[in-house]
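Alright, structures below, take your time with them.
Each of the two complexes below includes subunit A, the first together with subunit B, the second together with subunit C.
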Partner chain A sequence: MSESVIYDIGYQRYDGQRLGRRSAVVSLYLHGLRGVFGLGRPARSKVLPWLVVAIMFVPVIVLIAVMSRTGTQVERYDFYPIQLQAPLAIFLAAQAPELLSRDQRYQVLPLYFSRPIRRSDYALAKLAAMVTAMFALIAGPLFVYWLGSIATISHHPGDARHQTAQFALGLANGVFHAILLGALGVVIAAFARRRAFATAAVIGVYLITSAVAGALSGLPNNNGRFGQLFSPFTLLDGLRVWLLHGKVIDENAVPSAAYGIVSVAFVVVFVLVLLRRYRTIAT
Partner chain B sequence: MITDQRGAAARYRQAVPVIETVGLTKRYGPITALDSLTVAIEPGIVGLVGANGAGKSTLIKVLLGLLDPSAGGATVLGHDIVTAGEQVRSMVGYMPEHDCLPPDVSATELVGHLGRVAGLPRAAARERTAEVLRHVGLYEERYRPIGGYSTGMKQRVKLAQALVHDPQLLLLDEPTNGLDPAGRDEMLALVQRTGTEFGMAVVVASHLLGELERICEHLVVVDAGKLRASDSIASYTRTQQLLAVEVDGGAPARDALAARLTESNIHADVDGRALVLALPPDDEAAMYDAVRDTVADLGLALLRLEQRRHRLSDMFSEPRADHGRQSEQGQAAGV
Partner chain C sequence: MNAVIARITYRALLGRRRVLLLALLPVVLLLLAVAFRAGNGDATENLLDHFGVAALLPLVALIVGTGVLGAELEDGTAIYLLATPTPRSAIVTTKFAVAAVVTVAFTAIPEFLAGVIAFPDRTRLSVAYAVGTAVGAVVYVAIFLALSVATRRAMAVGLIYVLVWEGLLASFVSGIGVLSVQQYSLSIAKAIAHAGDEIPANVSLAVAIPMLLVVIVVASRLAVDRLSGYRISGEPG
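Then we have the complex of A and B:
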């Protein structure tokens, strides 16, 4: 009897520390964040996220090169996510399902929900992971751009201060993008068991809302301008202009505050729908 | 160390029931999956047996808080499943019946992650992941993506993730699902070892009575969401030693023997061409003698006289036979 036990070092009882729910949620968040970038996954899961990361950095490198030649800044920080919306949208459409649809498709949820976390913890940790990933995707290149600007065109302390202030505005804009787009992608992916459906749905929302906003803008007397509030591109651009520069794009445009109100409303609705989805999801 | 574990195990085994349900009911629309089930499950390895759809998985999911009960209540390890679900879940390990493993991560990555979600610190999660994967018999392959694993390996990973946080109670739902005979034997041995050597309370749900017979100390039988029986394996088998007798001469000879035995106050049931009678545990020899003498008196040729391997399914089929559903049950709880 004792012989088999002596050689069996496989299983031991555990008497050590047990951390609470908070630690569990943090680990869920970190695992999600790693997963979004394909870390801890096979090489093929890393291709798309890191391709997008590379694409996000290319314009920054070019802009820094131009600055070092010409000595003038050609682009403002807060413009960045607008110009790189396509890679951001692709990243969101591809990786939000990686975060949520996958656990539904392979029926992993019972393994999580049979552990001492709440369903809302799971949903919010995944949302936070997606938002963080989107923010990192925007903030990383901006940080390099800021370093480049300091190195190439800041000759006086005032220049550096100006650059830093602009960088801060760029980060704030990145936060808006990350929250709104992250919540949009996550709430769509939460309803799709299949990755491909979730990806198509996210892209579909982008394309359809843009098309509708574009079509409405052609209405006479500018009556269709409110369509801008319902496309992620135009909504975020309006929000950027209002919050960071405090001005209206033109006289006939949507009242600026509407961008803020609609953005907040969208995020609140997305989060509530997400929480409800996971409260009622069958396991 | 070892004696400490055993001591703790022994102490634990004297403790209160690990699971206690009172009038537990779960309805899905018009379907009642659990029908006011009241049962107390003691520590040890306990089998939860019933046909597919009898309510085994539903019971486990309700206990874990994966499903809300429609009525009644339950405690697991002394905690209420509704008001203290998080405490319950921190002390329980669950192995689902269905596939539940993402294919694109390694066993190490998944089990370590789930250990952390169960509350283990990072270093402890890593250490215990290595230990439990070794315990379930996964070695080099644990660094490869799970998608490439065989069914047997996947079942082992499912067991490992249920063990990683060292639960006090293991709830295993059909742990031998999809395994070949050798794989079944290995999985059952693993479950038995986990339960006996480490004093962990284990509840194994299965529709395969034969498997539960081998590893369980206690059986809980559910049928259509209701409790049918709950008793130790020993008490089932004590009443279930059977003797099968077959004589030459077909049904007339068989019935003649049955009639003569009945005269001697020995009750015999007809089972095909054979007669089956109960062996009294205290005096088996006398029964053998009585049968031999009766056959000889009738001048019949004895073809077969064998002690039946006790089959719990025979026992469970009896109440069903009253409803004239014996054959159906034989398949449902079949071995």
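Then we have the complex of A and C:
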């Protein structure tokens, strides 16, 4: 009993290639992206994301049908996200916790952190997955709408070029939405172990800030318009008008550069808070 | 009804971080009301309708309604409750009562106060919105409680109902109001308020009251049925 010996009981060693940190981050990103849409997970995890995807595509299909009848453009690419903000918010509120809260709840973070990835890699890979998913959710319907517009109302090459330019602006707008919304959802979900809490918090932020912005804009002295800077979709709409010279929906908006500054500030703060959360999270 | 279950539910509901989120929402409403009073805003629908009935009410009802029973079912501690000889119907009734009382307290009372603060000379309107909100709270809670027994993703399903059905679709198709709790609330508020107060209800009271009673009964029956069929097996999770 005095001396302990480690016997070689014949386990095979792994002499294959070690793929390392970069590969781990990429697979974490891809795994997260698949998970957001319920791919590789049971059928009941697929219901909600694909229901939202379906909701996102319905208006586009109706619009194309109307265009083919009337021959005129009935909608613009850049209004799409703000008009479908409810499904976008639901998708974010339901799927960001799916991405982050479950790992905390089932205490698998130590397993990730014992691999050759850093904690910040984990957080950023998850963030990237959510941003990509949000972008796909916006860009998919826009792509179909672009194809539909080319097929139904573009009679000259100039028409098609015009459609393509508008489509590109729509995609840029989609990128802004994806980054800000994705960062918002991920940073909230990072703080909740329970999925339902995170969902309620994301949707609470969305509903309350937009209701506050809406209510404040009803104030007669016009100072209430600054509320628009603190509600995600009105902020993003201001950004669209400012950067992409889009058509104005709301006439009494804030001076436009403010939208840019506030958007960037929010994203930076969200990312820093997210990184800090995962630097200090107890495993 | 069971006093012990009621007390435990009440403590679980208001004892954790959730109470902060719950209290935050009415506080925002009251702050807005103060801003309205200072800014002399006259658009009642912005404050009491868009914020109160369309955002605060469903959100609080969703958090409370899915929290009273759904949280226990999800984390597996519900089996300690289900294993006792308490009738499942008594469990549902008690949870429903607690959720309804808490939701009314966190929605209808702030709604009334916000109305009084923002529009001091229109008390009747504040009362109307408060009563409408209180009734809406009870109906919402019944629905969300049933959802939380029927599905694990009650929060998400409830959100889709509130945002897509009541929010998005109801603005295109007015007939949807017949199946919209928000419209029941507005309908009741409209019946109480002065004729001159413009409350955007598109369902008549004669439709709203029977419908909301049916919804409450059906939802509670469903909750009891689903909970009665809940099998207890194996170790607690």
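Some points to look at:
In this text, the second predicted complex is superposed on the first by the 263 of 283 C-alpha atoms of A that agree within 3 Å, B and C clash if a C-alpha of one lies under 4 Å from a C-alpha of the other, contacts with A are read in each partner's own complex, and residues count from 1 in each chain.
Simple rule for what comes next: a contact is a pair of C-beta atoms (placed from the backbone, for glycine too) under 8 Å apart; a residue touches a chain by one contact, two chains touch by 3 or more.
Source: prediction; values computed, not measured.
In the superposed model, A:A54 lies in contact with neither subunit B nor subunit C.
When the shared chain is aligned, subunit C comes close enough to touch A:A200, but subunit B does not.
In the superposition on chain A, no contact is made by A:A165 with either subunit B or subunit C. When the two structures are aligned on the shared chain, A:I261 is found in touch with neither subunit B nor subunit C. With both structures placed on the common chain, the touch criterion links A:L219 to subunit C but leaves subunit B unconnected.
Within the superposed three-chain model, A:A151 lies out of touch with both subunit B and subunit C [touch as defined at top]. Across the interface of their complex, subunit A is touched by residues 17-18, 21, 25, 28, 32, 35-36, 39-43, 46-47, 50-51, 54-56, 59, 62-63, 66-67, 70-71, 74-75, 152-157, 159-160, 163-164, 167-168 of subunit C. Residues 2, 5, 8-14, 16-21, 23-24, 27-28, 31, 40-42, 45, 102-103, 106-108, 110-118, 283 of subunit A are the ones touching subunit B in the complex. Partner subunit C is touched in their complex by these residues of subunit A: 44, 48, 51, 55, 86-87, 89-90, 93-94, 194-197, 199-201, 203-204, 207-208, 210-212, 214-221, 223-224. Here subunit B touches subunit A in the complex through residues 2, 5, 8, 61, 64-67, 86-87, 89-90, 92, 94, 96, 98-106, 109, 113-114, 116-122, 124, 128, 131-132, 134-136, 145, 161, 163, 165-166, 194, 197-198, going by the rule given at the top.
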